[in-house]
Amino acid sequence: MDKLASLLHTSPAIAWMVAKLVIVFAGVFSLAAVWTWVERRGSAMIQDRIGPNRAALFGKIKIIGLAQPLADGIKFFFKEDLVPHDANKGLFWLAPFLALVPALMGFAVIPFGRSFVSGGQEYHLALLDPGNGMGLLYPLAIGGMAVYGVLVAAWSSNNKWSILGGMRSSAAMVSYEIGMSLAVVALFMRAGGYDPSEIITAQGGTLWKVLPNWNIFHQPLGFIVFFTCMFAETNRLPFDFAEGESEIVAGFNTEYGSMKFSLLALSEYCHLMTASALMATLYFGGWQVPFVQDPSVMLSVLSFLVKMLFFAWVFVWIRWTLPRFRYDQLMHLGWKAMLPMSMVNLVFHAWRMSQGH
Amino acid sequence: MTGFAQGLLDALLKDTHLITPQLFLMVTATLMLWPGDLFFHRNEKHKWAPITLVILAVTAALIGRTPDGEGFSRMFRMDGLTRGFQMLCVLGTAATVALSVKLLNGLKQQTVEYYALILFSLSGMLFLCGASDLISMYFSLELMAICIYILVAYLRERSTSVEAGVKYFLLGAFSSGILVYGISLLYGAAGGTTTNLADLNRALALTPTTSNLLVFSGVLMVLMGMAFKVAAVPFHMWSPDAYEGAPTPITMFMATAPKAAALAAFLRVFGAGLHGVSSEWVLPLCYIAGASMILGNVTAVKQESMKRLLAYSSIAHVGYMLLGVLSGDPRAGAQAVWLYMLIYIVMNTGAFAVVIYLQGKGEGERIEDFKGLGRKHPVLAFAMMIFLLSLAGIPPLAGFFGKFYLFKLAIEQGFVTLTTIALLTSAVGAYYYLGVVAQMYFREPDGEPAAPMGATSVFVVTVACALVLVATACGPWLVDWAAKITWV
Amino acid sequence: MFITFALITLLGALGMLLQKNVVVAGLCMVAAFFGVAGLFVLLANPVAAALQIIVYTGAIMVLVLFVIMMLNSHEEEAGAARPVQRWLSLALIAVLAFAAVKLVLASAGLNALAVKGAEMPQAMTLQKVGTTLFADHLLGFEVAGLVLLAAMIGAVALTKRNL
């Protein structure tokens, strides 16, 4: 770290910050890109097809089609950039960025490994250090912002399908955010704090000597609610009402093409990564390694990555196995199942805490 | 953590006895909505009215039994002032409920929500009467107001009702914004530590004189926000429209119970609370009171709709009552205001009962509908005449009694100009009240003879009429009651 | 930093007022909320900032935009305000703005506040917000809950087809 600092002529703290920025953003971005490939291969596997396996580097190295995202990127980059005639030009341009920025920002407070001390200085493996006062309110806030990308894209396209998609996704967002927040509140109560580091620390150790002391085993109901709401938040199937290609063409991104479309698509996958990271942090111990007291830094990062990618895979898995809900079913589920469930969860755990557990 | 929760629970339970009436109201109102409503068939919803009246009676009893005290981090205070005005609110609400049945039956608009919202609004008023902190005052004001917005728009098939509701709601939301802004300015001016009225008064009295502009704008904004709620000029624009468009029982409701509660808040905030900075608010309040009297009375003369006339007259009456808030002796002021409000509620109830009766037959909206009532329905016309004369403040009737106390106090406190205005505008008021009386007795009736009144309406009119007639005779008792309106 | 956020807030608010297109106006309002959230962070109150974004931009504005889209008011309103009123309101705004500036600059309480502010370096945390809400302002909090309940009943009473 000191070497990097002297290389950049700055203090270690700033160098570390820069390094973290690069690692996190490059990591999330490239993972998101890879996940477009995982999705297509996964769908192929589930539907007994082959999937993209032809794209090859320099026309030789095929590596099971891993170069496909790269080829897609190049293709999108050189496609003609169309703006519909009656679209609101400024907003039409703005929308992909409005979608992408929150999707990336949400990751900032999530620790992707344990903190370590080097040269008398403590280094945290999260963009925002713990104790910043925002804690987990931050990803909740940013998650709420993500809908603006969809909304603006939908409205500025001046297309009926798009507006339908935008309206659906805004309604879904508002309906599911409440249940999700209440589920998270129960976690705050258990950890006695709302900083991700506190939540993770509270999940160290074991439960009844046989299970890791993860929140999923303490609050399974809360996890079900949170898990479901995350699908609604990320607009993924079975809740992909913003797109709903069997009903409203391609929903909010009907009119989008070329690089702007690829940004929208990328933002969806970034969002997916952030959501997976949140689930890993909140309910599966974050960087904690089961049955290991103080894991080494590399081990903790690895543990976090495994959990996160597992959930990212679950997103893909569910997308290709479950059918889409109908819009009214989504509302029913949100208000009549998820919200009461999260309330029951909250009250139950408050009661347990008042009993001294 | 558990210790903290335990302490919180203890503190909560320690003070709940202060708000038993409100708790009772909220619980019963919620139970009425669910599961209560399941037990009544669609055509039986009118049975909710007697149940609501029983609930109100129990509430009144509970208010009588609630001991004095202060609680909830000094946010709520139960004392003579609170209890007296809470009783007035319950009285006004009970009259509203009693008069609602027939009209709503006629319109086929009986629902449990109507009665539940009235009860919710009442619980807001009960909180408001005892709010000794600007925060709790603001929230109870909102609870009271938001129910009334809805009740005003209750006849949703009628465009006038919906229009009135929307107008009232938009302006009300705006005025709430001003009120909260004023509260935040006062909070800042007092050093950002408290919103409790007593502490605020102490802190503000100590502030350096140069920061008075901050205090002044804060006080002024709070004054504006509250003046809106009692519909004092120049914040009265909503009231004639809202009065006219609302279902008539709700018009009566707006003219009585919420006014009593808002005036209690006025007395609490300005009379008892911020007297340390009285130099900031006395003059603006003088202008508001004077303008209310003049504009309310003068504009009422030109009205053709009975409900609008009563709306403007209520603006004028609020102007008179603000005299009591202004008086340098807040306790005597509160007593005079209470007395006036009690009498005003009784005579207003009577007048509205007659209007509602006529409206049940599709008239009563316009003053012309009263012509020849003396021929058609002599008893009713007589009662109406008594109420109108009392509203005008003609001697031996109750209205005179209330005005007398209020004006005497104002003269004693040296508000001579304002009292002169009050007397002169009372004379103007007598003109338009007597105009209605003239319509009833000196014009020939047209149309068919009158239909019989409902039992409840007869009861309400008789009781109100009797009270208005004998009030002056029971003067000493009334004054004794009023003397209980005190605080420590 | 303060200037940046203040500018975002101000421009957002102005844009919201001046934009004829409702959706753009709504987005300007979102920007203004963001500016306010930034100001909260500068005031060492990140909790308020987060709540500001969660509640206002995340929930309320989304609903507002939802309603706008549902009503689909594409046609832009013809600004038919009479010029006299417009000038009057502008003059009023100018006077008010002047008074506000004078108010802030002239108050000696400002200095006292500044001193106080320097004494409050501790960041607001969720715990403190909770204590304040549930211990000191419990009554206000509960009554606020009742306000929402009443509003909900009212919404049902006013819109449900068959009561």
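As written, the chain order gives the labels A, B and C, with residue 1 at the start of each chain.
FYI, a residue touches a chain if its C-beta (ideal position, glycine included) is under 8 Å from a C-beta of that chain, and two chains touch if they have at least 3 such contacts.
What you see is a predicted model, and the numbers here were worked out from it, not measured in a lab.
Put simply, the chain farthest from chain B by mean CA position is A. Across the two interfaces under comparison, B-C and A-C, the one joined by more C-beta contacts turns out to be B-C.
Centrality annotation: C (chain centre taken as mean Cα position, compared with the mean over all protein Cα atoms). Separating the CA-averaged centres of chain A and chain B is a span of 54 Å. Spacing of chain B relative to chain C, judged by their CA centroids, is 31 angstrom.
For the pair chain A and chain C, the distance between C-alpha centroids works out to 29 Å.
Chain C meets chain A in the complex at residues 21, 23-24, 27, 30, 44-47, 49-51, 53-54, 57-59, 62-63, 65-66, 69-70, 72, 123-127. Residue ranges of chain C in contact with chain B, taken from their complex: 102-103, 106-110, 112-113, 116, 131, 134-140, 143-144, 146-147, 149-151, 153-154, 156-158, 163. Remark: chain A residues 88, 91, 132-135, 137-138, 140-145, 147-148, 151-152, 154-155, 163, 166-167, 170-171, 173-174, 177, 181, 188, 193-194 touch chain C in the complex. Interface residues of chain B, counted against chain C in their complex, comprise 4, 8, 11-12, 26, 30, 33, 72-73, 75-76, 111, 113-114, 116-117, 120-121, 123-124, 127, 133, 135-136, 138-140, 142-143, 146-147, 149-150, 153-154, 156, 188-189, 191-192, 207-208, 210-211, 213-214, 217.
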